[in-house]
Amino acid sequence: MRTKLPDARLSPRFSGYVTFGRYPRLQDVEPGSLPVDWSIYGVPYDSGVTFRPGSRFGPRAIRDASQYLKRYHLEHEIDLCETFSLADAGDTPVRPFSPVEMMETARVFAEGLGDRERTKLLALGGDHSIAYANIMATWKRRGSPKGGLAVIHFDSHLDTVPEVWGEKYSHASPFIRAIEDGAIDPNRMISIGIKGPLNSKHDLDFAREQGVTIFTHDQWRVEGDAFARAFVRRLEGREAYVSFDIDCVDPVFAPGTGTPCPGGFTSDEVLVLIRALAGLNVVGADVVEVLPDRDHADVTAMLAAHVAFEIMCLDAVRPKVEAMNEARDGR
Amino acid sequence: MRTKLPDARLSPRFSGYVTFGRYPRLQDVEPGSLPVDWSIYGVPYDSGVTFRPGSRFGPRAIRDASQYLKRYHLEHEIDLCETFSLADAGDTPVRPFSPVEMMETARVFAEGLGDRERTKLLALGGDHSIAYANIMATWKRRGSPKGGLAVIHFDSHLDTVPEVWGEKYSHASPFIRAIEDGAIDPNRMISIGIKGPLNSKHDLDFAREQGVTIFTHDQWRVEGDAFARAFVRRLEGREAYVSFDIDCVDPVFAPGTGTPCPGGFTSDEVLVLIRALAGLNVVGADVVEVLPDRDHADVTAMLAAHVAFEIMCLDAVRPKVEAMNEARDGR
Amino acid sequence: MRTKLPDARLSPRFSGYVTFGRYPRLQDVEPGSLPVDWSIYGVPYDSGVTFRPGSRFGPRAIRDASQYLKRYHLEHEIDLCETFSLADAGDTPVRPFSPVEMMETARVFAEGLGDRERTKLLALGGDHSIAYANIMATWKRRGSPKGGLAVIHFDSHLDTVPEVWGEKYSHASPFIRAIEDGAIDPNRMISIGIKGPLNSKHDLDFAREQGVTIFTHDQWRVEGDAFARAFVRRLEGREAYVSFDIDCVDPVFAPGTGTPCPGGFTSDEVLVLIRALAGLNVVGADVVEVLPDRDHADVTAMLAAHVAFEIMCLDAVRPKVEAMNEARDGR
Amino acid sequence: MRTKLPDARLSPRFSGYVTFGRYPRLQDVEPGSLPVDWSIYGVPYDSGVTFRPGSRFGPRAIRDASQYLKRYHLEHEIDLCETFSLADAGDTPVRPFSPVEMMETARVFAEGLGDRERTKLLALGGDHSIAYANIMATWKRRGSPKGGLAVIHFDSHLDTVPEVWGEKYSHASPFIRAIEDGAIDPNRMISIGIKGPLNSKHDLDFAREQGVTIFTHDQWRVEGDAFARAFVRRLEGREAYVSFDIDCVDPVFAPGTGTPCPGGFTSDEVLVLIRALAGLNVVGADVVEVLPDRDHADVTAMLAAHVAFEIMCLDAVRPKVEAMNEARDGR
Amino acid sequence: MRTKLPDARLSPRFSGYVTFGRYPRLQDVEPGSLPVDWSIYGVPYDSGVTFRPGSRFGPRAIRDASQYLKRYHLEHEIDLCETFSLADAGDTPVRPFSPVEMMETARVFAEGLGDRERTKLLALGGDHSIAYANIMATWKRRGSPKGGLAVIHFDSHLDTVPEVWGEKYSHASPFIRAIEDGAIDPNRMISIGIKGPLNSKHDLDFAREQGVTIFTHDQWRVEGDAFARAFVRRLEGREAYVSFDIDCVDPVFAPGTGTPCPGGFTSDEVLVLIRALAGLNVVGADVVEVLPDRDHADVTAMLAAHVAFEIMCLDAVRPKVEAMNEARDGR
Amino acid sequence: MRTKLPDARLSPRFSGYVTFGRYPRLQDVEPGSLPVDWSIYGVPYDSGVTFRPGSRFGPRAIRDASQYLKRYHLEHEIDLCETFSLADAGDTPVRPFSPVEMMETARVFAEGLGDRERTKLLALGGDHSIAYANIMATWKRRGSPKGGLAVIHFDSHLDTVPEVWGEKYSHASPFIRAIEDGAIDPNRMISIGIKGPLNSKHDLDFAREQGVTIFTHDQWRVEGDAFARAFVRRLEGREAYVSFDIDCVDPVFAPGTGTPCPGGFTSDEVLVLIRALAGLNVVGADVVEVLPDRDHADVTAMLAAHVAFEIMCLDAVRPKVEAMNEARDGR
């Protein structure tokens, strides 16, 4: 087992120190499991919100809910903990009163985690502004490739507002910032689950002009997961980042979030949709906008934990998918 | 902008006096925005219930939840606030101890709102008994046309019980009363989402005998939205009233209601179904049975606010649909 | 009416002593309604859980939620209370500290209920360990037929773990025990709704080796209810037991449960799936794992009550289905 | 044991049919325990409220919460179930749409319960309007004594409003009605826990003019329980009725109520205050205004169950108190 | 009536637009009620918190809870709405991303409200940082008196931290800022209800050195309200500001707050303590740190509304207290 | 600082791995802080309950709530983290299905923690049965002194039932077991806060016969903390164990517990009462019966964390108290 888990005969899932998925803390990983494949870390920051704050408690809630997360993926037939060495790297330092400094602080923290070549970053939010920091850290760790990373973005909102109340680093703007910085390739970015109503008919203009593929929830209803599958194929193995805003699911499936919008995915639909991305060359990810004070029975946090698991499983299943593709293509 | 909204740079959605959708109070509408196209008003009355009371707090909860309602409809490509002048007309006077007087009080209030010719009425309940008052007011404002209004009725229940515990104006009876008064044409009424179990096999008899089209949730599952679309076409532009009982959706999507029935629509399904009515000549509407004390994270109230928005958007999108139809028919 | 219900003109559904469905207590059934067709009883026991306890309060919560359960099944067109004499037989004695003795205690209680030949048993849990007791009681009352009962099992989990922390009668093991005892025929058992992630790739081995048909949630998504329908036909009328673990539905539809797993059925999907079993010769059943302290607005308990109703309706509708089948087959 | 309770070795408190205190249903009381001393019954009626409805679910919630009620009173050193034969008489018929008929229906039901001479009535509300019916039934069963019953009334509000929205039988008026009918002697009535703010300075006028003793929460803070003790002494053993509105305690101790008022008793303070009434000749009682939808962790319903217990214990301890008084007075 | 309230015969407390206490909006006050005595306004801002955010929704929640606030003070025997013209002035503009600009924005808004001479300001928070803005506005409206205002400060915490994470205008610092600006006289400031545990033994140093009177919760337990009464007398009628942080009460009485500390006042204790300040020359006030997402049954918001009422009643009762004092002193 | 805490400038209280009080994990304590003075550890076990289970999640909830626990005790004027080296030792292994083996497992784990001479044990429950294991471990670590430890026991219940349903190690029996084993001296044991109603008048017999001092909540109301103070003095410095069952406080202050009993301490009262024990030679402790699923806004868990803090502060303040006593006694 590459990831060492607690012995369930001694320490049931309702017992013991809480880390994401009961994975070891990064500092506790045994030498034989180094380097770590994925570092999961929290960004307990919500000063970037425009409506309902509280997602600073998101990382803690997701970790708690992840205690019941198991390791074998039934559909992919992959054991994540056998495949990868996983670790919980704790939380970034926090600067609640300065968005721009917070971005830098989080990025620097994330850049230094684990093995620069090998370890991939999965950030747990916090509000969506923190995606910018994790994208920048991921991009830099990959060598700041020209053209930037491909992005699979799940959300009700595009998050490409130039600025809000004069602030450039709010949760409405992570992608516009990352595009400006060259860390994202808008032509290889897809935003999935976008829903109305909108503030105005111009809300989508920037993303469209930049070449971002907008796959609204309405389109998904008609075209289904095939569109996402096709998008992955078009990426031809390019390095991709997955940004998952929990508000892409319906408010009933994610009551614990800050800017809910009725009419989204069910949990089942979105988990299946993520699985449909199999083959994606995922090199970094975030799961954001979990707001525990509005949650009940932990359904939002539990879903977030499973989404994080599914995203890492995309990475784990990739060799298998490629082998199948090669077999199919007669290579 | 026909409807003047607060300046979001000064007054975010978590700030300011609460009116439906942040629209102006009816008495505050500026002259340039008169006459008003739709008056939204509340009927905080729940003395008509047969099971769980509390929907008297429904209008207040829907208004609160509507603070995050935006104005541009992504699928219809319509800006509701640019198309229409909208206003919140407050609440009717209330007579909790006398159903029959309450109906009269609410009807008189509603009849007098805004411009008799132009302004349409959208009532927020309150229990379903209040639909009777709003239907009567709407019918009278349209000149009490013979034959009555067409009705699109969303509900788990038919609400055509002759009387309950000797009371004729409970939430089980609004449609039988309106049919008796000639305000509704049962042959142009469809009840969508009817679900079992029922009290007896005779529960549907009255509506069937009157010619009401009963489109059960089970039928919808098989036939989908096409049936509703066809019904709208058959109306050939006749004036129609939309009555929306939130208990047509599954109790998980509307926990805040008084007579829940497992196995209904998801939020997404019902929003799409309303959009499928595009082309309907809607002249009045209600959204009822929101019971905040049973809600959590405001999901029920938030859905109710969006349903009200979708219904008004049907009115806004009608010219566009007609133009498309004409183009299609080569006119 | 075979089942005598309270007069709703005197005793509304929010009034009166609470029994399941407002059916009479077993000791109060009038002679003309004897023998009883189905005895519903509770097993307020949750000492068999491996994660979150509290389902000992499940029977009470389901009874409360069942007050609003009606009697006429709209899709089957069957009045359950006209077809059957139904009764609430109370709760088994409870032995919280001894799983093995509890199984015996519950089995003995259940074996003695009503008329041994005629009365069927529907157990309300409590955790899933209690299914073992009800299966054994049912099997013995049917004359301990060789080969055992067929089983339709709804669940996220297979519940065929040999033992947990040294305990053989936990909620992880009812089916392995019943198979060992010959009360279940694994070749005529289907487990519907199984979901990952799993603890390991070997979790399904035992059931597969025994010949249990595993119909994962993922397969259901592709193949739909037809698979279940086909399974019922293959049983050719053999006596079947239905075991329903509420965690087969998504945690959002059943927040009140102990081992939730994101990505399951909606309430609507599962109710329709049960209806698709029409024709099944159901001779016993359980509905388990309702944990009220995690529920909200009673949605879990309400669904459980409706599931119990749907299962008994399968029994009620069987003659009709057989008549239709005969007519279809030209017999 | 005069009251037969379930055997706790077989049926723990989380198990079995729910009746108040696990006492037998009135129709199940064994001959040896007849006549019954106290009949506890529910009045699931809340159509008399002026603010927040929902207390129709109060009796059910109080019964559920009473499952953990024990029988031996530590301070009085009295075993209630050894002293008295107690029974749960179920709920009155309900007429939600007609306050005046409801009063008559409830009174007639209550008048007929158990043994007219011996059995005393304890009504569980429902809103406070139902106190009128129980007072009238109690008074008539005692032979309609001239001058009427003494009353110990716990409440934040006086409930002596002549009428509300034209209705005379709302929860604001039970005592004015009972005074008018001669069933209450206002000169032997005390209202304990009255709190502001009030609607106007005239709110107390009627009660003061009638001679009702108003013991505000503010006075109680200064004078303590001694005032109540003295009042009981002044009654000199006259028959007294106790009416307990749960909103006399602080909203934090009774969140589940309809017209909360900050700044009331703690649970502890009010339980001790009831005990201070020892010696009272209590001949009837009610506990009202429990609204479960606003409750959490059942704290309100649990308190209500204990208040009912304490009131009956006043009756049980009376001989002992009288004996002590006689001994003290050297008789 | 100086403050015009809705006619309760037409508009019950569960009905109508929501303003604080159902008082008119400032712009709707009738000429005969001008100038207004107290302007209640909201500051929906919580970007100054160090732990749990969400109090930006405080003003809305307090207004909702204030619908059931009555007008006659039972203990002071004062009708607040007869004594004063009261108005709800809406919310300040909000600048969530810039504490220092927010302070200026709020101060400017507050300075301009109503009649500069006559109208007093009561701010509803929002986090405690907003007290600084309201204190500055109050002080300037009173002519920026040298020495500054006296302050009665209710809180678990002193809120005199120089800066937090480099920010000077957080909710930990309003009083240090106001002292620095000369708007507060620390020698005439009392902090009531201060509780441990503290971060270090030096937490109280600054306030002590400045001469602030620290009246810990522990001292209050011993000395009671007399200490507060004496402090008021020592002020000899000087203009005083009341700042009320809801976390001074126990977390059970104010679950809806951001930095709870077990062991505080009950609601009753704190309401009585405020009344004990009678005679205070209050010229401005705030009620802050209400965080609705953590509240239940609105108990926190309801208490906050009553605290605001009690503070304004201090102003209303002052002439009476002075008259009594004069009579007592034989003047 | 003997206990190293996270740097709050980098890691606010809503950030970072969760340990009790943000203290280091036992294995992470720096050499300079060895040996540890107090080891806090969890016992996530609730199979010993007789009513409502769920306290297995108690340790996790208390740790979460303890993130906001500060270190300087305002009344004792002691900095706990400067005085002592504190550590979180994680959770014991768990055996949910065997009470007797669980006791042994927990005892063995606890006996081995930290330095046998120096380190004291504070166990977080879990149900009260776990007190037995911690008492035994404490007693053995102190050299199994003859006569046993003194005990200060806070509870609504005596927990001295011989056995329940045949089980000797349930939460009803820890003290009878520890007395039998000689680990407790019943003549030096006080049970504080005992409340009725009881199951029978014999419930107190065993404890009384053994010589346990029963200080009921009713007595406390009359005699106050002085009685507890006197008890401590009578111990004359003997080694004492503190066992704190959270249900000794009123259910409103501890909704999150399994066997609530109305009419207990407020949080403030019980914190002050613990402080009154200053001078006690505390050598071990537990805080038990926290059941998070019934909690709201974490008030129960937060109180439990503060109780644990107060108990350790008793140890920290002891030298100071002794010095004061000596000074007072003129030694």
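Letters are used for the chains, namely A, B, C, D, E and F, taken in the order the chains are written, and counting of residues starts over at 1 for each.
By definition in this document, a residue touches a chain if its C-beta (ideal position, glycine included) is under 8 Å from a C-beta of that chain, and two chains touch if they have at least 3 such contacts.
Quick caveat: nothing in here was measured; it's all calculated off a predicted structure.
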A correct list of chains touching both chain B and chain F reads A, C, D, E
Chain whose average C-alpha position is farthest from chain B's own: F
Taking each chain's centre as the mean of its CA atoms, which one is farthest from the centre of chain A? D
Would you kindly tell me how far, in whole Å, the mean C-alpha position of chain B lies from that of chain A? 39
Chain centres from averaged Cα atoms put chain C and chain E apart, in whole Å, by 57
Please set out, as single numbers or ranges, the residues of chain B touching at least two other chains. 12, 14, 50, 52, 56-57, 96, 165, 252, 266, 294, 296
Which pairs of chains touch, using the document's own definition: A-B, A-C, A-E, A-F, B-C, B-D, B-E, C-D, C-F, D-E, D-F, E-F
Residues on chain F engaged by chain A in the complex (per definition of touch): 10-12, 14-19, 25, 42, 44, 56-57, 59-60, 63-64, 88, 90-94, 96
Which residues of chain C touch chain B once you look at their complex with the stated criterion? 8-9, 12-14, 68-75, 77, 79-80, 252-253, 266-268, 271-272, 296-297, 299, 302-303, 306, 309
For chain E, which residues are in contact with chain F within the complex? 50-52, 165, 194-201, 203, 216-218, 221, 250-252, 255-256, 259-260, 262-264, 266, 294-296
Where on chain F does chain C make contact in their complex? 46-47, 49-50, 52-54, 56-57, 95-99, 164-167, 170, 293-294
